[in-house]
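Two complexes are shown next, each including subunit A; its partner changes from subunit B in the first to subunit C in the second.
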Partner chain A sequence: MMDAGRHPRIKMLTYSEIEEVTGYVGNFKARIRKKAKYVNENECTACGECAKICPVVVPNEFQMGLSTRKAIHIPFPQAVPSAYILDMDNCLGNNPIACGKCDDVCDKKCIDYDMQDEIININVGAVVVATGMDVYDPTALDDYGYTRFENVITSMEFERLICSEGPTQGHFIRPTDHKTPKTIGFIQCVGSRTQDPERGNPYCSNICCMNTVKDSLLLKDHYPDIEVKVFYMDIRAFGKGFEDLFMRSKEAGVMYIRGIPGEIEQDPKSNNLKLMVENTTTRQLEEHDLDMVVLSVGVIPRKDQEVVKKLFSLSSTSDGFLMESHPKLKPVDAPTGGVFFAGCAEFPKDVKDSVTQASAAAARAGTLLSAGKIKIEAITAVVDEEKCKLCGICVRVCPFNAIIFDKATKQPAHVIEASCKGCGTCSAECTFDAITMQHFTDRQMYAQIEAILSDKPMEKIVTFACNWCSYAGADLAGLSRLQFPANARIIRTMCSGRVKDKFVLHAFKLGAPIVLVSGCHFADCHYIDANRWTQKRVWKLWDKLEKMGVRPERLQLEWVSAAEGQKWSKVMKACEELRQQVTEEEVQQTIKTLKQEEEKKSSRAKKQPAPA
Partner chain B sequence: MTEKKVGFEFRERLNKIVGGNHHNYCYQCGSCVAICPAARFSDDFNPRDILLKTLLGKPEELISADSIIWKCTNCYSCYERCPQDVRPVEVIIALKNICAEDGVLPPNVDKFSDTIAKSGRSVVMTSTVNRRRAELGLPELKDPPLNELEILLE
Partner chain C sequence: MAEKTNGNGELRIGVFVCECGLNIAGSVDCHSVSEFAATLPDVVFSCVNRYTCADPGQQEIKRNIVEHKLNRVVVASCTPRMHEPTFRNCVAEAGLNPYLFEMANIREHCSWVHLYDKQQATEKAKDTVKISVARARHLSSQTELEVPVNRQALVIGGGIAGINAALDMADTGYQVYLVEKEPSIGGIMAQLDKTYPTMDCSI
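Let's look at the complex of A and B:
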């Protein structure tokens, strides 16, 4: 951090928040609010006179509330810039009659009670999101008694207690009697690896095992006599050198007991803790008396992550962390062009992995910026300005905010090609057919549907499959030699969002017995949330079909991922079964109804006077 | 050495019973044993071990009249504590149902179900109960509709 602060080409804006981001890859405009620190950070020499005289004492957030700080303070010893900051919520200095002591003692006169937030507008080419994570709060796990028993602490609090710059100057003591504990227990997987939403998250938090191994070694280094017990279900020492550290910890005499304790009880007199645990390796129920228990807490997505997600139109995976563009091939790229991830914002990871990802993100951003130009996919949307009726639907549905349209200026919608990823949702939603998806144009789609249904339409299943998941899933089914009916005719689209309601109706009009629309699972969509629009469109179509007297079951909607060859084969078999139930008369009736609808529509259009 | 083989047949049978399907999620952390009051007082009762045997598909030791599953007190502590939503108590209840299907119930359970079928109550009614209720000002208990119960039990 110091190095970054000193670097001539890195500008660091601390205590600042991004308020708004507009633009697209290479041309982002960010509005940043640099919050008032009430101390001139360039003049402050961090002499500390102000903090000595400040009369306001509040809990120190950095020390997990285990010690105190003044209203004027440095957040933590290595903070950059090394300057004091005034916490205005607690300061008395708003009214100089009340206090103003820090201003009196400051030789350089750098305290300014009237300092205002500063708005900075900057243009940037690429963005790296490294917003980090939060730590799981184990208060909800009542059986561990965190906050009920003072001697039950979290691994974060442990970190402060053993740190030489911590509240105890590194003397490890327990909160109730300020004595060094003789026995200490660590409980693993607190708030991680659970299917019960009230007990935490389903994923493994990745860092807590090695953190505990490290903590146990720290304790054994400082206090060789201390008895350390680790209650775990699996120790995941998967990284380079991790197994060595785990072995060292075992050699140092740390007891690893495989079994998760049930409940912690406290002795009201001595404040010692007691827990029951089954040692699953010996199958014995053991009772352990401990002076102190450390809960090895997991990691959760930041609580304010929604703000970041909205700023850059990002999405998150089911675990709540930010979703990458591709889990294997583009692990540092966000789905939005020009945005990259580093660190725990993407998923919990240790220091080494964070540095690796940060380096990759910097390199990805560097590649983008140094070229000055970017190659974009040829598959983009183009607006026919004459047909555009300024309704604004395309702007609303675009997952990448790639369409600009200003109602006030009455300019037709315009696609920013650099941001457009080519899902085709805008084209599918446009009621005036004003948007052409290049390489997946309406004409091409109709031609494919017509070709499929030109011969023996009753035997065909018209299938729309998205390029990334369902088409690949069908491919996998084929490669895995899975059996499924061969009468499906697949039309590839980039995203299921491209499937216009008119395509489906056109297929029915030409005598299709069954139409299947298939896309990626939710949160798996390669175009952020374009398949949500597919779902809405199909729901609407079902309503419409029902009103027209067509069985809605004849339009199927399925989510099949690239790994689900089995599911694809199952879906195809189900569709084939449905197809066999469709009769010739039913199809003829549908064709008749659809033709009547069309006639009604065209006669209505003729009656209406042409717009002036 | 005994042959090491997972009995999938038994697991599939268990999966079809309500509550039994949850046994698949168990990762053997042992927190059910740590919280179990029955395990504290009985050396051989161990819910984790029962789950392990279901995972391995070994019904021989579980499905019998003197199996350890009958020592479960149905307190639901393990249900509350289990991080994987395995619901050990419900798996045990499912195992007991398999015992009933196979007709290997312990004699006291057999007697108990007979009592319910005959009287419609889990506790046998005596004149003392109604006298005590009258003293406490509670209405007299009437005989439960046995004909309805018969249909239910069928």
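Let's look at the complex of A and C:
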């Protein structure tokens, strides 16, 4: 921590949040709000005089509420930066009648009640997301009585109670009588490895087994006579040195009992606890009398994770943690270029694994930064100036403001290549086919549709899948070996926004029984909100199809994320069911109707006089 | 390398069907896919490789680009999300513009999801190749825009992972911004007393 605080090339911005990120790999712009601490952190010497005199006492969050702090406080003794902060929500204010005592005693006059938030804009090439995790809250598990029995604590509270810097200076005591317990039980997998969503999450939180082994050794080290019992379903001691530590704990006399307790009761007089468990080794129902119980709580994704997901268009895997670019081959790369993961944001990790991934993320970011330049995929839009009719719709739909057009000057629209990300929405929305999406041209798309339907069209489901989510979700279905009917033929686009209405109508005209358009969920769209245009377009198409007497169900719209292999499989099965309901006559009728529509349109166009 | 075979005249497409060991060949008849590919318009060469992404497979692509004057290459193998960059580099080394390369996904989207129906899987693989060839016929060369990279990094989160990532990058020589939501860095790690397996202090 200290090293980071004094490194000449690290600019530390604490009590700060990122409000906005624009740009792309190699060239991000971030707007950061450095919130007011009301204490000049560069001048503060952490002498502590201010806190001594501060009259406001509130629970100390760092000590898990097991002790108190003042309104002006230092987060914890070794905090970096080593400076006090004034908690304005609880401060009485600087009105001399009300208070203002801290300011009176601060020799260096560091306290500024009028301090304002500061906005800092920075430009960076790479981003490491190390936003960490939250700890499972066992309140919902009422049978363990976390909220009813004071002597039932969580493993995080245990850490503070055993720590020499903790509320009891490391004297391990139980909350009700402040005496060191003689018997203590640990319950494993609290909030982890359960299929019941009301009791936690299905995944293993990775760290709790070893954390309990460590805690049991700390207890045995401090209090050799204490009786420690660990209730578990499996002890997962898979890492280097882990089994040794587990054995040491057993040798120290810690009892490991295989079985997850059903219920805890409290003796109202002594506040002692009685725990019921089925010991699955002896197949006996057992009762254990304990002075104290520690719930070994699992790890959950950060509750405020949505913020960072939105800033960088990130997605989550089914467990809720941030999704990496590839689970094996690109485990620290985010799907968004130039963004990398370190630590528990990606999945629960212990200190060693977090440090390992941090180094990996630093190295991955380093490969990008050291190159000094990067090639942008040549998938950008180009306007055919002769075809452009100056309607301006492309400007309106571009999520990146990459198209310039000024109605007053009557100059055709123009795409800024470096800003264009290649979603293709402009090209799909342009009524005059004036915008070419390079490498995903209309001609290429039509050729693909025609190739699908040139033979046995009745058996095919024409499927458009966006590169980042749906196509990747289909890949995941493959990786997971999910099995479904083989009728879909996939056309990859960068974004579902690229799917022009004419592509869909072309497919129906060539005899497609079912067309599926699939893209990212709204929050996940890699082109900000380009898929909203997809939705609008599909809605319009549904109306149009209905008017023409074509069943709108034959055009399907689905949002499938890269983590939803299962959903892809379901969608494939559902589409196949729909396909089987479409009759040959129905398809022929659609072809006929679409051809008539086309003829009407072209005869109308001929009648219309050419614009002057 | 300059583009040697990228003419605007006659289309000459090469199709390389990958067996991926048994990953594809287990449920797709790759040889019949290759034979089918040879019948498609403008395809002048097609073959089956055991592992197209491996060096011998890539060498075969390069050799055939030269030998058969290929100006479009289709590889039918895994997802482009995995090996498109590999094969783009490969064709570029043989002098072809990387955007004249196209991939047909017959593994994730075909052999792996239709494991027990070889006939259907093979039919779908043929169709997938046909779609890719149809697209390849309309591909054109592209020039990539090169942009400079800002040599500064942003680390979001000042826990153990963020601190270490920031230190590593700063030690490498880059300017790093370390942004932490709380008033101090340290994160959850700072709240732990000792950490396993070494049982030492967390801070």
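Assorted remarks:
Note that in this section the second predicted complex is superposed on the first by the 371 of 612 C-alpha atoms of A that agree within 3 Å, B and C clash if a C-alpha of one lies under 4 Å from a C-alpha of the other, contacts with A are read in each partner's own complex, and residues count from 1 in each chain.
Operating definition for what follows: a residue touches a chain if its C-beta (ideal position, glycine included) is under 8 Å from a C-beta of that chain, and two chains touch if they have at least 3 such contacts.
As the structure is a prediction and not an experimental result, all values here were calculated from the model.
In the overlay built on the shared chain, the residue A:Q195 is in contact with subunit B alone; subunit C does not reach it. Touch criterion met: A:I260 reaches subunit B, while subunit C stays clear of it.
Subunit A is touched at more residues by one of its partners, and among subunit B and subunit C that partner is C. In the superposed pair of complexes, A:M233 makes contact with subunit B only, with no contact to subunit C. In the superposition on chain A, A:L285 makes contact with subunit B only, while subunit C stays out of contact range. Contacts of A:S359 after superposition on the shared chain: subunit C is touched, whereas subunit B is not. Of the two partner chains placed around the shared chain by superposition, subunit B is the only one that A:M276 touches, whereas subunit C remains out of contact.
Residue ranges on subunit B touching subunit A, taken from their complex, read 25, 27-36, 39-40, 46, 48-49, 77, 81-85.
Looking at the complex, you find that subunit C touches subunit A at residues 79-82, 99, 105, 107-110, 112-117, 120-121, 123-124, 127-128, 130-131, 133-135, 137-139, 142-199, 202-203.
Looking at the complex, you find that subunit A touches subunit B at residues 143, 189, 193-196, 199-200, 233, 258-263, 275-280, 283, 285.
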